């Protein structure tokens, strides 16, 4: 297993560096908002994770590891939210860290990689199972940040009137993922009871991760849930679907919205998904801002970058609803849900499974402390690194967030009429 | 049924007026914060509800009802959140309505009562079943506001350095409710696996309202849920329990809190439940502010006025957790849970039951549009009007709210160790 | 002098009570915004001033005065901004003081009045000159609050969609003051170099209070200033003048505004003076909200309730400017400026005169600590109690404030063309 | 004159580029707060000024100038506050402009320089006097931004826990300027009436710019003012002076502060000048953050980076006051005031001189619209480019600002006792 981990370490760590190759130097400090982080910070933070949770404890335990930790201030700069580890640089000010330079951060990455490889080689003594699990956690963590890095960049570039492009690659991934998913979205069929719905009889089901492979603590334990009969749409909701919603006054009708969501619509002036550009009264004539720059909005493509509030309102307008995470998961083997085009909002608040136990120690802060006021998203998205997705994966964001690559899939039942209001 | 409704109408409407008798004139406009409303507004709003949803539609339908609606501006002043009805006075500015005077509002109440009684008498034509249901909804709505009126007053009085008292009655009700509940709380027993826990084997259960009597739309439909084995504490957590939590650094240890809750603790300087008064380092030497004024804190009494974040952190510290609303409800016949001393926070976010349908028309805004970012409380409290409680009742508040009469009851399982950290 | 002071004490203190007679009970706690105070607070604070600065020091010095101070918490509630006296109730929460009741506050007033009269009678020992000066200061202070009470009420009533009326008296005072001032305003003449301008040759002048009578510390010392030749308008700017400004796009043209003022216009959506009610595109068809309720806007009447930013922008549009306070003061003997219809914004920031010394002790906080970021207003207004005005009086408010009874008078020179842009 | 202007153009424009040589790439987007701008933006904005106000009007007028303006969006990005020119990128988001790249901005600078040189050479037709004046204004404007660029960098670097250094040069300039100024500061002497005070008999004086050379519109017209006798300190207040103020509780005594300033002290937790680093209870043991990094605090050196509120409070504590701008200016020929070590806060709000006329056209927005709620600073500072200072120069900032290189010089009189409270 160590050998496999060595190869994987190399692959994952190099991928992060490859991702920033298209950037210009000033992009490394770009932080569009408090919720997002600059590329340099992502590169530093993922390295800090290994130094803090893997290397330093082994050094403290006397390992013969020729590694000298970064100066103390870096620990302050690159901690994200681990209270047990100590104080940290304020999140909204990560974009102010013009220093350390990107060269210094990349050099740090290399030193940490060398030390990790030495660890994995066994030169510094045998590696325990918990240590290997921590390294694996660090790699999974880094893969999450690879996705974050790109979606944060999209947010930052989206605030620049020049509409800069990162490069063509992500849109290529999107097209490929969409093709794998059937090449179409199309709520049109799904609203009308046609072949677009996949039915499930309900009953007692099991969800959650119960096996051996890697999973985050929040995916366990595997447990039973009772489901009523339901159906789930085969396809994601499309841009054309949402354009119809807009044309029907979707963003102007409070009865379609959660009260809290309506306050967002009014307070922020939402008139369309986050990255649509153009006139609100001609929804389909719009452009869409992507990491490849401004592109014509493709009506057939799955809609992306909308909040849970918008997803929920759209579903209500369509005479349907969002699936719960249990419904989603039990259908995951019948649809290519997990290797996904877009994260899919569910109807489920993010809460612990029955019997949930956070991981011990500081990494126990990884997931458990966020289990309030957030909604679960399932699947993965075109920005998710290959191999990182799982059917039991639980992603989560506050319901007003729009900058992640989220879309939606409708569900219905029990006893829902299968029809859209337009029908 | 009409006759019963007539008596009930008289009783409920008179109770609202009786509740404000101890007030001084200036108290009628007291609004301590945006979330609370002044007594005069509660009296006006509950009247507006009947005028808007019962009287006006019947007048519009040609009923021979000698009722002249209040001037149009009053409809603007006393609408709470019904978007379908039209614009409304901003909630944070309800306290600025020194006019209309309380006399004018009380006179309006009487005119509406007369009209409602005429309706119920059949003089203005036969009353339809939906109309009777709307009147019943209006009465249930008014009972909710009777409780709100008192808890909002507590909030407002609590901001006055003179610590004014409303009167002795509510503390009498509290004492009586607590006595009915067994006369003790006592997390002490409950933390140690003794007789303080009531066990349930789990399995497929049914919750929600399925019968004929009045219930809010959010209590239906009755449906199945699967539960793992669990236990629920016989008693509410006490002031002494929370004092032990405080003495053990409960408000200074981030690992016990949701991340969002910890931000509240730090940002608002929380050191104890909302109405404790005194020195944080001597938790049990404190006083408690109540509607009867400042009183010594009774260690045995159930703790009240804490947020979901505090309840959740306390439970984690105690090695337990909050019950889900399904767990709570299936135990309600084995404990006097519903006629309660205090609302009890659950582990459940407020979301629709499978197959939920909001009531049609504007009253459909009553419950459904608040189903995001709130947590369910179950039971009722000493301020709840007699007869208003039900085992299926779903109350809900955002997790940071502390001004309602909320306490907590612990649960454990599946597979939870039954012990407190002190044990 | 003591006898005169006794009569004056009685007159001023009774006038405060007379002013609140038209109020309904709930009005006593009405606080429309943080900058304003409720009527009850004004009555309490002016009483607190006498207790704190007159009675308590004499009691501490052993005076045989049968007065028992109010309970300690009242000192906290009714302190306004005197840091030297101690902590205080937060200003934005004065409206939450439904208790003490207005009856209790009025009873306190009477007890303080009795004690003050005893002091003035000499029964409790001879009264020193500084004591008499403090009592006089307290009376002047109370007269300021009499004006504040009414303008704060206007602010509070102005936020009520019912547009309540205090009563007819203030508008009667306004009409009388305006008649005394010539019965017309009329920027029309003033924009064109006609007889509407009063000229001054400039030169070395003296301003400030140099005599014996009462004056606030900020009016002294009398000192010299050099003035260039200038002219001042005989009349105040009228509603019709501002209507013409509005019709000419005055609130939409940034070039007419201070940068800071333009931010207010955009941020707050200003389209007209504070209390104009109606359609922005028909300035003169509007109504005006007053203490006598909504009334037709009189184009001839002086415009009131606009900010310094609006006054400054109007003057720029009119090809003129605001007078400096020195220019205003040296003209005060040639025009009935001091007994004024409206406070008049000047071009002068509020700063100390050369050689200014604050009064010693806590009352030294009265004026001096506000000498930054405020503009001087001169004259007085129809709400100012008779006898309170002086040509040397310096009123001051931040430039964005609009709730006081402020108007404006134009000036020009040196070398200003006397013409409006319309000419 | 054209030839002189050509040489000057080259010198000034090259100096801007030279100033950014020590920067690392990510520094170009560093914006520490909304009031500051990133280096790249300064380079772009000063170029935009020439394109917008010099090149484009001449192109529009048909000049044979082989210059193609930057794409339209750049005009939006690099406009600072000229409403007449059009909309602009929000100031707080200048740091988000990772694109255009610094290379693209520098290339634009070169193209604009070539075009300007062609203009000045006469190749594109004779240059009018107004055109030459606009170019001179552009150069003066660029010199202002050279200073801003460095003080904004200091602000940004000051927010980085690594305390990065720009380079040694600015501290060299500071030392040189201080040496020229006499090599010492020293409020010690100045508090006691010794030789440290320079007296002026008062009388009718003239201030403002009346000559031919370049000056900003706000320095004119030259006009008379009457001054009472006064004295001005020969030296700037030192770090040791402020340390004594701190040790005497200066930041904890409200009686020393303007009310508005005290709110800043409490709200922001001010305990020392902006860039002091260390323990508040050992003022002189602190370090000072500079563009050369952290350095020991030199007690003898003039204090820098404090707000007007702090300067005003210090002066009050020292038994003195700040000089008015007229007092400062009439002493400028007797002290090396203008070529200054630090900008010096005055007692004067920033208002127009009698007879002030803004420059015509969009550049009229340069100074005039900021004449509210700001205080005048006089002199110049070690970051001011050589040749840019003038005795009539009026700098201005809001009284709470601390990031500019400001210090203070005491004044006294008329009739002030010359003594510090410690004496």
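A few points about this structure:
In order of appearance the chains are A, B, C and D, and numbering begins at 1 in each one.
The working rule: a contact is a pair of C-beta atoms (placed from the backbone, for glycine too) under 8 Å apart; a residue touches a chain by one contact, two chains touch by 3 or more.
Keep in mind that this is a model prediction, so the values were computed, not measured.
One of B-C, C-D or A-B repeats the interface of A-D: more than half of the contact pairs, counted by residue number, are shared by B-C. In summary, the pair subunit A and subunit B forms a contact in which both copies contribute largely the same residue numbers, shared numbers making up over half of all those used. One inter-chain figure worth recording: subunit B and subunit C are separated by 46 Å, centre to centre, where each centre is the mean of the chain's CA atoms.
Chain geometry summary: the mean Cα position of subunit A and that of subunit B are 36 Å apart.
Separating the centre of subunit B from that of subunit D, both taken as means of CA atoms, is a distance of 58 Å. Residue positions of subunit C touching 2 or more other chains: there are none. A complete list of chain pairs in contact reads A-B, A-D, B-C, C-D.
Residue ranges on subunit D touching subunit C, taken from their complex, read 81, 83-84, 204, 223-226, 228, 254-255, 257-262, 308-309, 312, 347-349, 351, 354-355, 364-365, 369-373, 375, 399, 414-416. Taken together, the subunit C residues at the contact with subunit B in this complex read 24-32, 40, 73, 76-77, 89, 93, 95-102, 156-157, 159-162, 164.
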